[in-house]
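Look for subunit A in each of the two complexes below; its partner is subunit B in the first and subunit C in the second.
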Partner chain A sequence: MSGLRTHVFASRKKGRMKKVNYDKYGWYFILPFIIVFLVFSLYPILYSLQISFTDLKNFSKGFSYVGFGNYIDTLKLPFFWTAMRNTFLLFIIFFIPQIIISLLLAYWFTTISFKVRGQSFFKFSIYLPCIITPVSIGMLFGLFFEYPRGPINTLLQSLSVISEPVNFMKNMDLTRGIIAFVQCWVGYGPMMIMFIGAILGINPELLESARIDGCTGRQSFFRIVIPLIKPILLYNIICSTIGGLQIFDIPRIINGGGPRNSTLTMSMLVYNQAFSGSGLYGNAAAESYLMTILMAAISVVLYFILREKDDEVTYKRRNKR
Partner chain B sequence: MTSVSRRVWHIILTSVLLLLCVFPALRVILPENTVSMSIFSARVPSDICYDADRLLKAVSYVLDTSRIYYAGKIAVVSFAILLVLKIASIKYFRKWMDIASVFLLTAGSAFMGYTVLSFANLPVDGQQYAVSFSPVLYLALIAVLTAYCSFYIQSSISRKTLIYVISTLLAFLSLVPFWIMIVNATRSTAQINQGISLLPSIYLKYNWDVLKKFSFDAVRGFMNSLFIAVISTGLCLYFSALTAYGFVAYRFRGANLIFSMIVGSMMIPGIVGSIGYYQAIFKIGLMDTYWPLIIPSMASPATVFFFRQYLAANYQKEITEAGRVDGGSEWHIFNVVIFPIMKPVLAISGISSFVGSWNNYFTPLMILNDPDKMTIPLMVQQLTGNDYKTEYGSLYLALTVASVPLFLVYGFLSRYIVKGVSLGAVKG
Partner chain C sequence: MNMKKLLCVALALSTAVIPTVAEASEGSADSGEKIIIWAATTDVKDIMDNYFAKEYPDVPYEIQLYSGNDYMQKLDAVLASDSAEHPDIISAEVSYGKRYISTVNATTSLYNIGIDEEELSVLTPAVIDFMRDENGEPMGVSWQVTPGGLFYRRSIAEKYFGVKTPEEFQKLVCDWDTFTETAQKLKELSGNEVKMIATCDDFLNPFLNGSRAQSWVVDDQLVIDDAVDELMNMTKEFYDNGYTQETAHWSTGWYQTLVEDKTLCYLLPTWGLNYQLEPNCTAADGTTSYGDWGIVQPPVPYTWGGTWLLNTSKDDTKSENIAKIMRYIISEEFQVAYAQDTGDFVSNITAQQKVSETCSSEFLNGQNHYEVFAAVAASVNPEIQSEYDGTIQGFLQNAALTPYMQGELEKDEAIDAFKDEVSLYYGSDIMVD
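Up next, the complex of A and B:
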């Protein structure tokens, strides 16, 4: 608000110029956004921070400040470490294949010399899963992997891959595998489209001249395409990391965190602490803040790892040594 | 460089292949617990250990088992044909031979993998063990074999075949689950229990009647979800466009700072504000209403960012100035002139905003309790804990019904979606 006032004041000062200053309308136009943003995005975040230092519980009228008590409690909580391990495990097993598949597909679909026909069909169908409600997808795959006579069990039995039905949802590794598969399956479509956009943004003459100079497909991919789309790649990787570490819908619907908490993710832990009966809002807020700190740390690490690699300065430095 | 890396790849692939072949075989020979199979297999037979008699019995059992025998035979035959083709293709029909050999190699490796793994998991003592065959290991074996094979056929045409094979597989992997969902919605539970079918049956009406008993009121869910999605999409588009226009058309103090804050806030994970949001909504007394689901869409940083990038490239100052000469107020100019200009990006963002709002699960789960106000994802989620959980046909029908609007939206507007995501990437 103070910026607005100073600006109006400034424009009054310039009134001598006899030119109407329209620039204050910029403020008016972004004002609704700013207000809603402050009230519905920023305030909850700060309020969460406040709650994380209190012992606010369900149905309790007052609360008192407990300092870093919630954070210490959370770090002592075995569930927190389980959830963190699960989240990272799931993230790694779904994210790496997802990036590889989407980059590969994007490269194939954009390379002119391959001339892949029916591209629009491939793009259409590969993108489809990400449009459908994640809850429905989770439930669909839950039904597919149903224990005694679900479609996957009957299929595998009829192919005699297995001799007796497998209870997928009672096995920790298999459940994790299924969830990671579904996440990856949902995710590589949009990522592919994103990368296609990025690769199409590269100047085609570069690729063409590389081809004329006798660059093989693999070389032009690793030496030209990857370095040029690196900023977009980096941005996407960081955003998907932040999104991917918050996985909630699909693991919750597929198995609700079971078996034996092997698929309990961090978001599920926050939700369970706050909203399923116990109502420990203070602890949940502390957990969500710990999660955020972790994600920020990972993003920063990722940023520095991925940014430095092809930097000219480091290259020179290495050569000097 | 190429020859060395080729040799290294060769060694790596061969060793992985050998490992994959030998590893399961170790299980038969070595005593229990020396080889950990927990990653690969669902359950390890408890009493397999080294015993010469058992092994002999096992080998004889394999030879009796016609299925494994046939698989092995097919694999050997396809590899043999492949060898002949490879030798022949040095002289004639190089392209077609290469294409054929890719398919043969894939088939051969699939059957070979089956044979090897079946052999490794044979039921010793003629006893059937529950899960001795590990699908993960099988897939890994096929993948490595295929990679191994495609590595040796390096003409561009065979790579193209590989591209088509993989893209088609992925496309079907994306489509088949939904097709099975739709088909199973028309089948009875007994039919579903018998196995997968790709042809619809006649129990759609029956499933629908069962679904009605679930208290799965699809129409009400639709209306609720549609109401929220349409209003929040409208608000999101209008106010994002207004904000983006404010940033592009006017120069005012603090604009850059605010814009970089908006961009930065795209990185904040949504979970961090959730507890505070819930508490704030609870305090104001807006629990169980749609306001907390609709209003926040007015401030959508990603959309503002996208719109600003679009306007920065396509907006000319003369448009606004012409409007001013004609005597329009600034707000009027935006409504009449600028908003229509933004149609292409409005369509793109509108779709993603609509789908995002329709699919939203976490916030409604926190806010909504009243069954009459539930959105589609919440209703679907409630089915998981239902008494009718064994009525699979109607569960599939519920999922189908819940997905139909999205299929429709996607079917008609997929062009925009695909374009929009890539547009955003180019500009980002």
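Up next, the complex of A and C:
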């Protein structure tokens, strides 16, 4: 709120300058959201914390506190580590291509010397997948790769790429690859848009003078563009990491965590434990909080690795007078 | 300027609304005297709209249809609440219905709405007995009985085996050994072009709800019946020998097999006829297998599915109308009409007999399928099916059966994986060796 402007103008009284502070309006605008958050989000968050220390189950008559028992049970559970490994694996497989492709596309779309025709159409098409509901996308791709007569199998056979249909969902690596591809395809559009905005914020004279001095496109990209969009890059990496480690809908819809739990993610484990079988709410809540701690730790580490080391705060600290 | 301010305020308020937007539900919020019915399948809606509403146009009702996989989660949430949307009647299937009587404890006895045993005696006993609580009080009714049958393609049977009638074909599938021999011969005679079954999923219910002798959970202990081992052996044999099209139930590929001439047998129950086969036997280009079907008894009698309407009302003022719905569902007049329109196998004993006398299905080339189903129904009882069946059988299929069939796991490893899943999701409620 302190970032809002204040207007300074002369009042009628000679010599006095009156400041009008518009900060309060910012609070008014976000107040509705804060109220809704406190009522509909904060309460469930705190309630989840409470039940993570209990043995509460679906339709149980009551519950009793079990201390850190659920947390210890979760850490001892092989399925938890399997889900964590799957989540990180899927995240790395889809995130690295996603960020590379979105950066490259953003650079190409903003480079004046690349005269890309129909830019608006391409940007719209690239952005489109993220506005389709994940459930629809999951069902669509599940149908595409159906065995033995799905469209992909039929197409590959007609092109003589394969002679027999392939059971994609039987193969762990293929299933992970499909899910990672879908996640990447859904997410690279909005990421590209953010990078385009960041690159357009760079002073074009910097790039122009670098070009005059003989800087190649590649040097310009790595030495000028990337450092200057670092804050946006950091923001995207942290948000994508948090979101990526929570992937749920697409792996669940495509193959339900199979084959053999190879695509079971941490969020799916929480959901399955809470809403199938006996409805082990306590265990599911403990798992969700362990996920939260993990994501917070990763976010902090990423921030300290990627933050601007020559920012104003660091400069003042180093040069204390 | 005023418009700008107005727009800004509206945008700010919309940020409050966005997190709270929920799925729009059918029907108005004001339930009043309406009987609220929750259903997972369209046949309930069909019965209420096309039959009950015409007989009782003055009885108000509202159907909430949830055809997704989260019907149970939504039911759990609404039954635990006292909201205006609390259903008065719910449709529940055999694989999970008992849960709403025992664990969830959300049902109300039919005695409370004035229906007595004498009225219920018109139904096949197994139908009423299945949904009784621990005190023996009935909690709901069903319009159907669901014995399993074996549907086959007449043209394929005649082409490769020279059989022209269901009686002749019955000899080729009278038990599992003969069934397997027929599968092998079909493969040889057709040059591996025609398969015996469309999917190994067909074996699930004959073994688990036909041959199985014990419930999945006895005294809070997981019990793995011998039928599970037989199921795994049969599935593996058919998969390894290529006797199956390797599709999955209700997949695109499975529906395609109904139109083609490359699959001989389908192990499906009563509702398989009117709910799956008949509506999907014609392709978009007009190719159809309608009329080329027959039905015989399966190698073992089995039951599969079944939908009950359970009384979950907490409002005594609605008792009279709920009783009207329940009485109508079990009435001979409704069930005869419904059976004649859809071919479904009904639960009213007198209705079964009446329909059976004149039943003839054009889809089955004029065959009387009621005789076949009646013979199977006499040998099956769903009583060993429990509230755990749906979930535990899902774990068995995904964690054990499919990986074992596809050669990913040895049998012991597959069973251990199944046990791990049960233990993970049921915790201490079900003890696993």
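We take it that the second predicted complex is superposed on the first by the 273 of 321 C-alpha atoms of A that agree within 3 Å, B and C clash if a C-alpha of one lies under 4 Å from a C-alpha of the other, contacts with A are read in each partner's own complex, and residues count from 1 in each chain.
We adopt the following convention: a residue touches a chain if its C-beta (ideal position, glycine included) is under 8 Å from a C-beta of that chain, and two chains touch if they have at least 3 such contacts.
This one's a predicted model, so the numbers in the text were calculated from it and none came from an experiment.
Q: Subunit A superposed: clash or fit between subunit B and subunit C?
A: clash
Q: Could you tell me if A:F29 is touching subunit B, subunit C, both of them or neither one (first, second, both, neither)?
A: Both: A:F29 reaches subunit B and subunit C.
Q: Check whether A:F37 is in contact with subunit B, with subunit C, with both or with neither, and answer first, second, both or neither.
A: The answer is both, since A:F37 touches subunit B and subunit C.
Q: Quick check for you: in the superposed arrangement, does A:K123 touch first (subunit B), second (subunit C), both or neither?
A: The answer is first: A:K123 touches subunit B but not subunit C.
Q: Would you check which partner chain A:I232 touches, where first means subunit B only, second means subunit C only, and both and neither mean what they say?
A: A:I232 sits against subunit B, while subunit C stays out of touch.
Q: Looking at A:I101, would you say it contacts subunit B, subunit C, both, or neither? Reply first, second, both or neither.
A: first
Q: A:L46 contacts which: subunit B (first), subunit C (second), both, neither?
A: After superposing on A, A:L46 lies in contact with subunit B but is clear of subunit C.
Q: Is subunit A touched at more residues by subunit B or by subunit C?
A: Comparing subunit B with subunit C, the partner touching more subunit A residues is B.
Q: Of the stretches 44-52, 62-70, 368-376 or 422-430, which one of subunit C hits subunit B?
A: Clashes occur only in 62-70.
Q: Looking at subunit A, which of its residues have contacts with both subunit B and subunit C?
A: Correct list for subunit A: 28-30, 32-33, 36-37, 40-41, 143, 146, 149, 275.
Q: What part of subunit A is in contact with subunit B in the complex they form?
A: Residues 3, 6-7, 10, 22-30, 32-34, 36-37, 40-52, 56, 101, 105, 108, 113-114, 116, 120-129, 131-136, 139-144, 146, 149, 151, 154-156, 158, 160-164, 166, 171, 173-174, 177, 185, 189-190, 193-198, 200-201, 216-217, 232, 235-236, 238-239, 242, 245-246, 248-249, 253, 266-267, 270-271, 274-275, 281, 284-285, 288-289, 291-292, 295, 299.
Q: How about subunit A: which of its residues touch subunit C in the complex?
A: Interface residues on the subunit A side: 28-33, 35-37, 40-41, 57-59, 77-79, 143, 146-150, 167, 170, 256, 258-261, 272-273, 275-280, 283.
Q: Which of the residues in subunit B come into contact with subunit A in the complex?
A: For this pair, the touching residues of subunit B are 2, 38-39, 42, 67, 128-133, 135-136, 138, 156, 159-160, 163-164, 167-168, 170-175, 177-178, 180-181, 184, 192-196, 239-240, 242-243, 245-247, 249-255, 258, 262, 265-280, 295-296, 298-299, 301, 304, 324, 330-331, 334, 355, 358-359, 361-362, 365-366, 376-377, 380-381, 383-384, 392, 395-396, 399, 402-403, 406-407, 409-410, 414, 417-418, 421-426, 428.
Q: Report the residues of subunit C in contact with subunit A in the complex, numbered from low to high.
A: Contacts found on subunit C: 8, 12-13, 15-16, 19-20, 73, 76, 80, 103-105, 245-247, 251-253, 256, 391, 398-399, 402-403, 406, 408-409, 417, 420, 422, 424-427, 429-430.
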